[in-house]
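Chain naming follows the written order as A, B, C and D, and within any one chain the residues start at number 1.
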């Protein structure tokens, strides 16, 4: 049984532009940052439903989310200014297993969002050395966000990130569906963080169903990180 | 009494949310297991959300074998929502559930896709279920009905013990990028704020013709919303879509409702039920 | 083509607003004059407005004697909305209107209070009117209908030339001060933003089963809203509640729609009609 | 035929508290202030429908509305801050006839809203001397608004304003329905400005119907000022 979801009102501390993305830093309050790859439901002001967001960084006393303003919900969140507040619910779902031998972080586009936190957590397990990462972006502008991930090799389309993945490493990946499908095919045993539209994030709505092991299951409960 | 709207909470994954309710209502259970509709299953509009979950559920046998004992172990007051594609299917599930003392009441989801909503057939389903169980039967009606009061009367005559008002109404959202429907099956059920005036009308009209207890639902976000459903004639209130954004809603709405009741000179929900039907004050 | 929704504009008191439309639709005319319902007749909710105007109109005789000549003098393309309380009443008005060349088409308001909305009787009304006039008949349907596509098929078979989708759905608002219904007759028709997803679903479902032209309406505020109704299958768009807040809406929405069409690679509304039915792009 | 309704976006210049009311001053733009007793439909930010408001004052280059924040619409309008803008539509309806011999302005509560403008217009016709006025209020706090009407005698409940109306004057009145009914009974021939909920203000919705001469007619077209 999942731990009870915890919801808390946090205050925006900073709203920083990183390429086309927004890094939204909020107070942490009593919120447990959880495990990298877990996510939070963020209130989207003026909208009916909250939006799922990976935790990107955990500055002291803060939470930081990297957000691509692609639609009404993410735009409303990115419009929040320092001093304004929002509800966050989490941590939710299952994050990355960090007990791997030779981690490689793989990220595509806004899918790099959980990787800075993941890199830090893995570094802490490895005497401070961050794991290698390979990141793919649509443009140099998007690739500005790569600065958030230490020890990263970056490629820009038309080169795909899968071209940068050496064999034999333990892949932890997050990115658009076609990228994850390619990684799954190329790297059996990797851990993949998937996306689906979510209304609740805690198993209440069955809206996030995706096919897992041939059955429609709730990604917010079974995932978002699934074994390839 | 504050309940969850069927399909809007899983007590097994969020037991603490369920524990804050007076009574937990399961997602609709059908005779056979259903994986549900293909994704995308949900969409948001400015006035509410659309869902096309498609009654994903383990089927009545698996439900009785696995889910019901787990739910019973939580020690909640428990209603089971029953669905089907014919009166016989509904009745068969009711007969099976009749044996479980943990189940306090059955809610008949009479607005399943593919189940005709005409007053006749809703009444026929209720009559068949009435013969199959002694448990209280709550008939859940759809607002996509020119004469919901007529349906209410018909299901009452057929033996319903209460009304659950209302289910979602069909809606569609167009994806801003692709100009195709967001939902894979195109249309889905609209819930949330847009339903509130529609739910108030349904409750008001059914209360006029029937003294059955009514669970009012549709767009409840605040204690004032709950109070208005009571005023229109509901005796209980259920919270659906709001649970997704705010799992703390049951406790919050209960507290807000109490304040609203007192502000209006009432102590209990029962006192406020139906007050909108009183002649206007001078 | 951009029209006003019936009952949402009086061309005689706002001729310049009507002139900005491609075609003006009258408020529903009934055989006998009707003062309409007692006030309060309108209420606002966060998701739309409620009206209980009650088909206030001068009756068909006075309408033909006074209003129609005045409207004709404005030089507008003109549709007359026809209401009644039986198929014979509708047909009688249609027969009278048949004589007026200024009237381009008749819209049958099949969602009048007291008129049953079952597919059968909507079709019976259309059939009776079909026999009474050679003018194009647009059947206006209500969303309070479990099977609106079935109704669309039925009215098409009965001789309708087009569909007008959708009329309001019943709603109620409780006054914050008195805790009584705001409207004097308690319930009224909900229009505005809450109707948009419901209208999109109705248009989409009817387009699936019928190739009749469709006037889409319900919550249109912007050119994008109009575009989405076209995408769902409408061939024309009508604007109702938005006219109250913005009498300049016809011109504004037409301009916004043109931008939206071009942004999506279309030149005309006709090209965009029904595009949401195409299989998803890869 | 009524002149075509004109709608324009104006900007808030000032938002002043007067007792429990708000005096909202906006730019005038191309808006015609019309005749006293006519009204405007004011956009209520975030609401579906605009709200009818009498024009209270016409400072140079401005429009000023006196507003009682009694519900969601009026509260949204009163929350507008200088620099914010709103749509106004008007002037609408029929105002007061000013060609009267011995005018007396009668106002109750927020019903005094059109009287400052009316007083000015009448004064202009009378060599600058404003007409007498009698105003009734629920409390001394509400009565602060009386300062907007020159040459006014003020009473506070339980005294009713009708007790202050001498016989034989040409009454121009605006106030709550019970007050107008009392004035109608007491002063035949008076001009009364009525209220009704309005969705459009220009004859489109039939929502504002009130009984006039035994028939339900649109107050926005036939009124709001009607002969007693």
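List of remarks:
Quick note on the criterion: a contact is a pair of C-beta atoms (placed from the backbone, for glycine too) under 8 Å apart; a residue touches a chain by one contact, two chains touch by 3 or more.
Please read all numbers here as calculations on a predicted model, not as lab measurements.
Between subunit B and subunit C, the least number of touching-chain steps is 1.
Annotation for subunit C: without this chain, the others separate into A, B | D by the touch definition. If you average the Cα atoms of subunit B and of subunit D, the two centres end up 47 Å apart.
Separating the CA-averaged centres of subunit A and subunit B is a span of 35 Å.
In subunit B, the residues that reach two or more other chains under the touch definition are 45-46, 48, 176, 193. None of the residues of subunit A touches two or more other chains. If the chains shown are joined wherever they touch, the resulting network is a simple chain of contacts running from one end to the other without closing.
Remark: the chains found to touch one another pair up as A-B, B-C, C-D.
Of all residues in subunit A, those touching subunit B in their complex are 1-2, 4-5, 7, 41, 43, 47-50, 71-73, 87, 89, 196-200, 202-210, 215-216, 221. The touching residues of subunit B, when paired with subunit A in their complex, are 7-10, 12-17, 27, 35-36, 38-46, 48-49, 51, 53, 56, 176, 192-193, 241, 243-248. Residues 45-48, 50, 116-118, 142-146, 169-174, 176, 178-181, 186-187, 190, 193-194, 196-198, 200-202, 204-205, 224, 228, 231-232, 264, 275-276, 278, 280-281 of subunit C are the ones touching subunit B in the complex.
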